[in-house]
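Two complexes follow with subunit A in common, the first pairing it with subunit B and the second with subunit C.
Presenting the complex of A and B:
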């Protein structure tokens, strides 16, 4: 048994950047977005590692990375991602600001997946970030699955174990910091990954060299996506009133961290 | 892994090299050499700097260059050079300067005197102010778009591979679970900048040309700032300052479009202070009355620091050897008279590219002889070389003091380098006085020792307490532009360090560090990554390092086996600044 593992991955500004929403003629966007360095969405980033790990261990499997993003920014992100794991890139040149309706993005992803030559639904695993491409709506992967006719869907996934019979055991995050264990017969499935359990792979220049031969042509032939800008109407956009406060402290006991958080909440 | 050409570092020089080379690929015979570039920073626009440049070389590569196509770029519109007086009386000024200050005070406005004349060699009319981070991103995107070359950020190079005096490629930095991979290439292009961790290893192996050395450096620390609403500074404005916060510290302010400015200071190696920290001085510089009237109400967008190689032509290494060539700042291309480096670096890259294309065309190997006949020959015949020779000794005078240095520059500029002051230069860290010597007229020795011990016990550098003690006022933090050093790392630099890599700063001889009287590495560290450690050996935290490299050349203890080195080893590593606006 081999798999066709499709990872849906959007790009986001490097999480440490200072983001500021602004309103423009086509709706809200992020100030200076094209100047901010971008990364693959952190959830999709983990999904890609999980996909690469699974493909490495199941002979004949292949990983595809399907992304809706401005291709110039995606090209920049590929310089970081491309050395991490072998994959074939499929690009849809579209927005990635996070203000686009998930129902607009999901059909683009689904159509791109359907267009993969030799697509075999019996081998298809659709991976993605739990909240990718919708910045918190958590609905993109579900819609992609529905459009592909995949009913076995799991969200907030932290672990996938393939049984000897090809069945899957999946750990999904549920309330209270616990996991729900589910089983299904096998492909096709949709898995919206949380953080998984794998560390970031080291850079592998050989993989980079091999990937890049296909990445540039994929970027060059990417077609602009038609996305309705009026699908969602935003009454207003603003920074949250409560800003994150960050400091770097090493080796602080958990009790001390908890006390500081409580004091911060109270104070 | 085997490739045809491997490049170390993606700065302006390599950008110029790859831009010129890629335009001629595939070659006329249809072959496409494999060209790969490894950059240590986590993106190709991170960890560089803002600049004002005449852009002669850049314009030659892009004759139709439209600055509006590059974010944070504007044509130079107005230039001023300002002598800043000290409004607090806290800086260390010679009697000559005090006399000059007294003369200028009645005519100064906002404690600053605008120089009525800017020498032609310092003028940048016709050029641009721009963010090299954004420029590099712009060039890099075009390069990758060609599909003929590959650029891989977050991939530092550990060392050159040398076999029988021939460079055969590079070894990448060990990532913990992987040994560093060897990348073998017919040509290794070394453009790893002023800190040049790979270039330095070539210098150790092959030596420097007779009479050449790298004695002069500076650390440039800067902010990118959203100027306050209504700020009258127009895009393209260029301000250069001297005289304050210490006479030896120079400042700059470049105005980009959309009410954004890049501003900062240069702290040179010849500033004989054991506490030549940049961050605290940068804040005092911003608060100078002349500048603060423009900056008050502004907000920090980005922050960073980098080393500048200020030896210029005198620091030129062997430009080519069997299997390798050196380009850019680390190859001595910076012009220390005109204060210009980016355009020169870019141009050396284009020169090497033309040479490589010529050798590929005639199927000649990348030997020392062939590279000298093509690349070095082009460089020697170019304006980079001619102007570099004029500038070669222009800054020597600074080793004898600020006033002598300014006089030396004026002489060199006025005589096209024919007359220079006969001043002997010294290695960067080799003339650092002790704290006691530096503050001998201002703080009693026992009090200095007490401050030093108290700061060491707290694990912090001593410069803040010492500067407070000699009269520098407290910084009025406003959480917007005047922020703590650690906040600058988080808010401006967004500093990161990926897991799995070893420390890239190593104290080679802990016993010598124990006996060090200055620990200037702690005082100068741009990210507060080096702190007082146990038994007097400094501690290094790579998660705070911004890779400016200042610790390496500031170290005051020479290596016991090689006096051209210090006992602080600085290698290439990923991470550091995560802002592309610098």
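Presenting the complex of A and C:
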């Protein structure tokens, strides 16, 4: 049994950047959005490691990365991502904004997946992040699954184990720091990944070179997507107001600090 | 005029009562409220909220609906939404409802907004870019699904009674998934307590070399566990600390990625938070959006907490301070 593992992932601003919303004719966006350095959406990033790991262990498997993103920005991000794991990139040139409705993005992803030559539903594992770091909705993957007719869907996945019989054991995050354990007969499935259990793989320039040969043409032939912006009516988008007045307590003996903290906890 | 459906699994508890309380005002101007429940047995919860003013209690019941599983839950939810002809569907954002809400909205020709933190004047409130900015927004498309995050609304409390439920039938797809159980963290310590009054965050500093040139990880573990046992606080972590375990360094045995707070971690809700040995960088601090009062202990007076992220920063050695704190709390 081999798998076709499709990872859905877009790009988001580097989390160390300061973000500021601005509003325009098509709704809100980020100030200087096209100038902000970007990274692959972190939970999709984990999904990609998991996909690569699984593909390495199951002979004949292949990883696709399907991304709806502005292609110039995506190209920059691929310089690093491309060195991490072998995959084939499929690009839809479209917005990566958190303010675009998930229901507008999901059909683009589903169409791109349906367009994979030789797509075999009995081998298909659709991976992605369980939430994006932009919209943070957890909606896109569910709708992609619906559009592909996949009703074995799992969210907040930290572990996928393939059994000897080809079945899957899947660990999903639930309340109170616990995991729900499910057994699923097999593909097709949708898995929205949380952190997973793998560390970030080291850069591998050889993989990078291999990937790049296909990444550049994929970016070049990416078609611009039409995306409606009227689904959500934004009344306001604002930074939180409460910047705190931090009281900095220095040179107070540990005893005194401890008393203050205990009083505060019990107060 | 809206037909408002409270849609939930019948064992959701408090989050469902919160979602119900948030749903009731939406039927203003002559709208109606309907309750849609699914699960093995929905009657106890229907009775608990019998006085909520719903015109109907729709129910999908049966053994197949015991398990929190996409295929059966989505089919149940779809049937309930269609039977109710709801224009607004309010759901509690439990992990079970979060798994299906957007997929079901799609099936019903609607759209969903998730992680909603408030509702007022026809708008919902939710956050973008991992709690960095807050939006007020609405939709004209119906049905509009709204998933309310737990802890954002006071729960419904009304007289219990006997609710007359109307069964709704479901056509299930072939089921090929079975939920086999729940796994708690490997250590016997249950450190994540969503209902705790206090969040205690440990940062990577607990594992770093201290002024005497040595790391003191076993003592760090003892101090942290002692504090948690004495206060029943919930344990959070920075990313750096949980990542260490992936890199084979000596780490705190009771800590996992599930404890991580921040950009790629969780955004828990607690009235108070105490950060220790954590630098308070922005990707961490965005996870504190819903923490009320915030204090931090750090050796560095210029750490992130000093810059408007905490109410009080104690510039001090967390080992020393927590040792004393535990003594005062009588921790063992």
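Operating definition for what follows: the second predicted complex is superposed on the first by the 238 of 267 C-alpha atoms of A that agree within 3 Å, B and C clash if a C-alpha of one lies under 4 Å from a C-alpha of the other, contacts with A are read in each partner's own complex, and residues count from 1 in each chain.
Assume contacts are C-beta pairs under 8 Å (C-beta built on N, C-alpha and C of every residue); 3 or more make two chains touch, one makes a residue touch a chain.
Bear in mind that the values here come from a model prediction, so they are computed numbers and not experimental data.
Which partner, subunit B or subunit C, is in contact with more residues of subunit A?
Residues of subunit A touched, subunit B against subunit C: more for C.
Just subunit B (first), just subunit C (second), both, or neither: which does A:165 touch?
neither
In the overlaid three-chain picture, which partner chain does A:98 touch, first (subunit B) or second (subunit C), both, or neither?
In the superposed model, A:98 contacts subunit C only, not subunit B.
Looking at A:231 after the superposition, I want to know if it touches subunit B, subunit C, both of them or none. Which is it: first, second, both, neither?
Only subunit C; A:231 stays clear of subunit B.
Once the structures are superposed on A, label A:203 by its partner contacts, choosing first (subunit B), second (subunit C), both or neither.
first
Using the touch definition from the top, say if A:72 reaches subunit B (first), subunit C (second), both or neither.
first
Examine A:212 and indicate which partner it touches, taking first as subunit B and second as subunit C; both and neither are also allowed.
The first partner, subunit B, only.
Counting only touches as set out at the top, which of subunit B and subunit C does A:220 meet: first, second, both, neither?
first
Contact-wise, after the overlay, does A:83 reach subunit B, subunit C, both or neither (first, second, both, neither)?
The answer is first: A:83 touches subunit B but not subunit C.
Determine where on subunit A the residues touched by subunit B overlap those touched by subunit C, and list them.
After superposing on chain A, subunit A residues 16, 18, 199, 246-248 contact both subunit B and subunit C.
Quick check: in the complex, which residue numbers of subunit A touch subunit C?
Against subunit C, subunit A makes touches at 12-13, 15-16, 18-19, 21, 28, 30, 42-43, 98-99, 101-103, 106, 133-140, 142-143, 145-147, 151-156, 158, 169, 171-186, 194-195, 197-199, 231-240, 243-252, 254-255, 257-262, 264-265.
Quick check: in the complex, which residue numbers of subunit B touch subunit A?
1, 3, 34, 36, 42-46, 71-72, 134, 137, 140-141, 144-145, 147, 150-155, 172, 175-178, 181, 183, 301, 486, 490-491, 494, 496, 498-500, 543-544, 578-581
For the complex, give me every residue of subunit C touching subunit A.
Touching subunit A: residues 68-71, 74, 94-96, 98-103, 105-107, 111-115, 123, 127-141, 173, 176-185, 190-194, 198, 231, 243, 246-247, 256-260, 263-264, 272, 274, 281-283, 286, 289, 293-295, 297, 301, 305-317, 320-325, 327-329 of subunit C.
In the complex of these two chains, what residues of subunit A are touching subunit B?
It is residues 14, 16-18, 34-37, 72, 75-76, 79-80, 82-83, 199-200, 202-206, 208-209, 212, 216-217, 219-220, 246-248 of subunit A that touch subunit B.
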